[in-house]
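In what follows, subunit A forms one complex with subunit B and a second complex with subunit C.
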Partner chain A sequence: MPDFGLLSPIAAMPMAILSVAALVALVGGTLGRRGPAIARISSMVGLALTAAGLASLWADRGSRALLAFTDTLVLDNFGVFASAAFLLGAVFAVLLGDAYLRDHARLAGEYHGLVLLATVGMIAMAMASDLVVAFLGLELLSIPLYILAGLSARDARSNEASLKYLLLGAFGSGFLLFGIALLFGATGTTLLSDMVGDPRLRMALSPANLYFAAGAAMLLVGIGFKAGLVPFHMWVPDVYQGAPTPVSAFMATGPKAAAFVLLFRVFGQAFAGAAEQWTGILWAMAVATMTVANLAALRQTELKRLLAYSSISHAGTILLAVLAAPKDRAGSAQALLFYVVAYALMKAGAFGVVVWLQRQQEGDVSIASLRGLASRQPGMALAMGVLMFSLAGVPPMAGFWAKAWVFSEALQAGFLGLTILAVINSVVAARYYLRVVVAMYMEEAGAADQPTAEPSGCPSAIAAIWLAAALTVLIGLVPGLVFVLGGQAGAMLR
Partner chain B sequence: MDFLWTKHIWLIPFWPALGALANGVLIPRARKTLDVVSTVAIGSVAMSFLCTVFLTAELASLRIGNPAPVEYFRWIDAGDLRVPFALLFDPLSATMCLMVTGVGLLIHIYSMGYMAHDPDPGRFFTYLNLFMAMMLLLLLADSFLLMFVGWEGVGLCSYLLIGFWHRKESANRAGLKAFLVNRVGDAGFLMAMMLIFVTFGSLRFDEVLSNAAIRQASPTMLFAITALLFVGATGKSAQLPLHVWLPDAMEGPTPVSALIHAATMVTAGVYVVVRCAALYSAEGAASALVAWIGVITALLASLIALAQTDIKRVLAYSTISQLGYMFLACGVGAYVAAILHVVTHAFFKACLFLGAGSAMHGTGGQTDIRKMGGLAKTMPRTTVAFWIACLSIAGIAPLAGFVSKDEILHHVFVSTYAPARTLWTLAIITAFLTAVYMFRLFALTFHGDEQAMKRGAHAHESPSVMTIPLMMLAALAIVGGLALGLPYPPGLHLLNHFMRGWLIIGRHHGAEDTGGLGLALALAAIALAVAVSGAVLAFRFFRGPYRRVELLQRRLGFAYTLLSRKLYIDELYDIVIVGPAVGLSRLAADVTDTRGIDGIVHGAAAIAYRAGEGLRRLQTSHTRVYALAMLVGAVALVLYLARGMLF
Partner chain C sequence: MAWPHVTCFGISSALAITAAVMVVTRRNAVHAALWLAVALVSTGVLYLTLSAQFLAVLQVIIYAGAIVVLFLFVVMLLNVNEDQATDRRRWLAVVGLALALVWGAGTALLLLAGPPAGTGLVVRTPGDVALRGTAEELARAVFEHHALAFELVSLILLAAMAGVIALARRTPRGAEEIPGKRGSP
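Up next is the complex of A and B:
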């Protein structure tokens, strides 16, 4: 593959811009009264510049991937597209964060700085062509998230979430690192690009190699933890619920997508030759993830926990795209990218509604408190309804196409039984999404459900919700907008 | 061709759609007062009316040819089926849109007064605006498919508005009946659409309705298409044998009856036939079918109207009868006359319904004409408007109803279709009956014997927001006919002039033998004589003591019962269709569904719930449990991946 050589820093430009913006936000946030504004502007400018930088790295049709920094970074449209999806998640985190930072102004620097740093970590994961770089990216993503989860220092639940996430995250990272070491033992390299291309390494990827098998398994534990796959998912509901809601929104969008992008690069691309070895276990994990999450979600009464289980369930569905990758890498990459974009929009919007609701009431947002929302706040109920229908995969929303394409890829790759199980799971999932809609539109508000305060305006949070809902519908009506770009991104993985 | 408005046809249905969106969703419930919602609704229809006027003015200034459809975006693009979202504003849709938005505007204003005491004006105006948007989409669509969207949309709104007072059992039943009967017609329309696509390979008007394309189609296929389209039209326009829903539809609020079930939606069937004039002109048998169904419906409906006692039901049967006239006109190829009657009918029938609504408003919701009477004293404005509309529909010269009906009768008489004289005779009998039942209605409601006069003394005149639209419609019912369709000299027939470029030459156009001025005058004289005698006879008889009326009913015996029971058609349908269908559904619902399918579904749901409960217990929130789960998972993964070496 061609190499950037001395021009390598170009490939790292988006990460560099974002890191600078993060540092400016972190430092600027401490500058007294003006601090929050500086942090906010810095993060917005940083995100905008990074987006522009990513756009300039977008390669023309038919181009080949480029390698940089002695083959440890890969620059292809797949990574660029994925990075853009992470930026989308960060933008929503910034917009929704406004609502939270109103009451916690002195945290503005930390909030913006850490969100941006985590995004840098995600981009590193998406562009990594080396397992060590991927690990660095993962850690750069994780550590800010541990802090963000515990941002509300006086809130016991937030503290608990942070500590739990940190302990389990360290546990997961340990597996990941051990896995990389074992793989290095098996192949003599940590470069994914070598594992794809070098025929000598094919031998090392054979079923006969214990190091490889154990290494791949441990890698799967580490990445599966970040992606929230069963049985490494148990932290998700507790952390999403305990963390400040804008942070939950952020965790549900970018980091999850980053984990899947890495999973795709490792299993869908580098280990594709050994597919018959890992297909079975990923199949089982996909089924377990969807089923466990959906069944558990049925009994949830609290909206944030419900959304947490919903995000686990979606992770199980996205796994289908990874499973299909060895048969049709370009197509399944396209389906995966479309899915993570649609999913980021839906989840950011849905958590946004929780943010908005929490401006009116203290503590947990139960589904019961949504009763009668349609008559109190018809606009907000409509947006939430759109997002719920999209999450359930009802056409013509983006969520429908996301599911449809992943299922179609899985079918083409021969996973008939898995697809049927996934469709059954979608039906089960519709039950709890529709319960939210039913509460909003068909149930009257009881005396206990009345909000304690008038809805206080938080323009940027409301804008974020509407943006998410509108994009969900727009992409649903004109899926080609995203799908064509995703296709160009996937085509470069061939 | 570079006009200001030409490209902006979309604005016409856009405004009411926006109004419906605003009233339905965007305005919070707390702010939905009558003032707000009615202002939004009336404003949106007024905007739509203005846009239509501007577009029509531009269209009229076009000297040559027909305007091309305006394509907005690719709508459906699946294999051979390519349908763009395109709208067409030609003389036909212009005329219909002007009528719909104009009459619609007046009825919207009237509704503001009529619905003043209703608890939910927001819902009412939302539906009404949605109906306007759908109706205009139906009229402006450039393809059968887009037209069908509007077609189904107005059907939905009709259902919603008939059942508007949904706490009333009878209103719900009526809504359901209208919807189900219309489904029969819709099925016909759908099948026609499929056949059109199979035959012509397209659903766009310019590709289907061109003479070149039609010449290549087989006559059998053409007959099937036109006949099935007509089935759709009989459903929507309440013709025999699918007319049964319209009288029941009177359960809805009176402005709805005026707008949807008299002036606009029910004429959609006529519009479809006129729009497809090229197909019908090429296919004689289907045209004959249209003519015969039209005239038989006209006659039977006017007979039934004679014996009804509910003021709105009389008007409903009158609508069915008048729609029959329109189809009769279509059947003999007099398409412009049909459209002229659509327009004049909208004027006088909307006026009649709004007058009836005003009378009901003034008497506290009374609809039984035997218990009304004497309103002429207390409700003078309503009385005058209603009287004018009665004269118009009865066909008294030179009012609008006379002009358009006379034109239809004339075309029927000179038609080259063999049994034209029979058709004409039936139509003139209907004209006589029309005058009789309308003046029976007028006499019983507004005059009556001494007792009736006493009853009317307690009524009160409606507010001006209701009477002013009434007056305006009455004025249109006077001048509308002569203004649009001056019978002589031929050059001054405005509608003919406007539509001349559009008109596809049918069987009876072009070098048509009109029989000269003498025949025209003679026919007009006969029609007028028949109308006047019917009106005078009925008015004098029904104004007298009600005892005489009851005596006559007893004398007529079974004949009267037959008519008052609407020829027992509803009962027949109940036995032949509804009964077996309900029985079958019961079987499916109670046995197959409840015991079979529901059992399985509920069982599965219960299992899922229990499983969820179990999983929830596992989620203990103890970190060590979570770590243990991860460890177990990791061990399982390693064992699985390394299975080759270990076992």
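Up next is the complex of A and C:
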């Protein structure tokens, strides 16, 4: 028997707790009338216990990252903080899911179980120190999402979203796997902990440099697909629009953050020594992602599609943090983590409003249908307004600090031109976020825009929206807490 | 090479070749599938003599077990009769023979001349203890270095199973399908 010691079970504890909760939800969901309640309680208890477990794993200031499971899993505050952000996304998925499961109670067990399993996959990605574990985490994240996207059997576009995501996702995973194989050929290891440092140093001794470049490029394609970076973003609008809205909210928060955390671990940390090989490519991708997404978002009339393009545009901004990593790893990790938390709150809240609106009207939610919302539902319009301002990066919301911090990191790393382009893009983006606010507050509702039904109560969805809006403002006013924790997390990435 | 190895190798390779010839010459599709099982099992024994224990077990379980049974099911379900089975046989036989000759010539060349220099490839013989692929080696890799990955794979399979059930259960039994209708959230 290998001696894993006590560290491995401790490091795997969050994933183990969530997996057990997922099993209870999957089995409990089949138990007749009480099934949906059992599944819901199980996933909430599981998420709470996992959060407590993650809190107990938080290391003191000045401690070093620990390696577990024969160096394939790394236990550091960066991974723990990121995992907590994924849990936040899962909590919103559970709360918003109530509105959906009201009409689809028979799928409650599967919904909760698959959301929890996907979260286990994200945690595996964030804590991976081995490309094999990272790949398996990504698959464990993707497979539940393929299913969740297609849960609405009667909705043709939900089926389309599921199939499109599955086919393109399998293609992306193939690239990732091939890239890992080439990197193994170039370096003789799949362990990121062995690649950390200067890969070129060992590259210089062998003619394997081409394999390293090709492998890293394919890895970038695979992760870039999951993160929705241009030119691998084509699936995002269709899948976000077609999937059941609580699932879109889930996809926009945790999985996206997980892809960026992995991108940071691979490019910002392990391949930092070969930065000049990939900086140019990532630079171009960041500019293309922000520009293409913002120009496309300006033309959208449907709210879910608008939010999908907005999430692509935010992905381009987060990429700045990865680009700045080789210069200042701790600082850019801190900026990335803060951005990921703020972004998860804003996106979950905004999609939550769409969930709430869809309780009143069938099908698509157009921006035109928001007209006059401020007079009909002042509270909801206020929450949506806060979230839109935060997404646009207006102070004093969380979104402002997120952008400001990433921009300052990019400036310190010497990306002046890129930062200017990113600021210009933020201004362009403000145009379409404000259009939503203008529709709610300054335009009168026409006869065709009246909702077809009275707003039906869905307490947990409303609670989720208010939680997201309140936290967005709170973090905006008092950014210190998240900054400090993020700083402690980043400091461990040496 | 010790004599038990030689005997074992001789018997199983003779059996494999005989069974392979029988597979392509039988007119009855069920007989051909059963001979295929014999060929696959004797190939599995060849793997055993090469110390590739795990590969041998997989060969028997997956190929001789699952896949041949699948062939038999399909043959019996389609109820293929002998006339249909012999269609285009001459044309296929020529192609098959050509492929077999090319493959055989390549293998013979590799064995007689040795692997190309500089590739690091080595020809191993049966009984070579340096061979990897024993069940122990595999177990060490899976349960020591890749223990976490192994557990994650089990979760992926669980997610896939739960997902398939979810997709099958989406529509309540007896409910009518409305293709193209846009649903609620």
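We adopt the following convention: the second predicted complex is superposed on the first by the 476 of 494 C-alpha atoms of A that agree within 3 Å, B and C clash if a C-alpha of one lies under 4 Å from a C-alpha of the other, contacts with A are read in each partner's own complex, and residues count from 1 in each chain.
Definition applied: a residue touches a chain if its C-beta (ideal position, glycine included) is under 8 Å from a C-beta of that chain, and two chains touch if they have at least 3 such contacts.
Just so you know, these numbers come straight off a predicted model, no measurement behind them.
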{"item": "Subunit B versus subunit C as contact partner of A:Tyr146, first or second or both or neither", "value": "second"}
{"item": "Contacts of A:Ala296 with subunit B and subunit C, given as first, second, both or neither", "value": "first"}
{"item": "First, second, both or neither for A:Leu167, with subunit B first and subunit C second", "value": "first"}
{"item": "Contacts of A:Gly399 with subunit B and subunit C, given as first, second, both or neither", "value": "neither"}
{"item": "Most subunit A residues touched (candidates subunit B, subunit C)", "value": "C"}
{"item": "Contacts of A:Leu382 with subunit B and subunit C, given as first, second, both or neither", "value": "first"}
{"item": "Touching partner for A:Gly89 - first (subunit B), second (subunit C), both, neither", "value": "neither"}
{"item": "Partner chain in contact with A:Ala213 - subunit B first, subunit C second, else both or neither", "value": "first"}
{"item": "Touching partner for A:Gly53 - first (subunit B), second (subunit C), both, neither", "value": "neither"}
{"item": "Subunit C-contacting residues of subunit A that also contact subunit B", "value": "none"}
{"item": "Of all residues in subunit B, those that touch subunit A in their complex", "value": "25-29, 608-609, 611-613, 615-616, 619, 621, 623, 625-627, 629-630, 632-634, 637-638, 640-642, 644-645"}
{"item": "Partner subunit C, residues of subunit A touching it in the complex", "value": "2, 4, 8, 12, 19, 23, 26, 69-70, 72-73, 99-100, 103, 106-107, 110-111, 113-114, 117-118, 120-121, 124, 130, 132-133, 136-137, 139-140, 143-144, 146-147, 150-158, 244-246, 354-355, 358-359, 362-364"}
{"item": "Of subunit A, residues touching subunit B in the complex", "value": "163-164, 167-168, 171-172, 175, 207-208, 210, 213-214, 216-218, 220-221, 224-225, 230-232, 234-235, 237-238, 277-278, 280-281, 292, 295-299, 375-379, 382, 428"}
{"item": "Residues of subunit C touching subunit A in the complex", "value": "143-149, 151-153, 155-156, 158-160, 162-163, 165-167, 169-172, 177-185"}
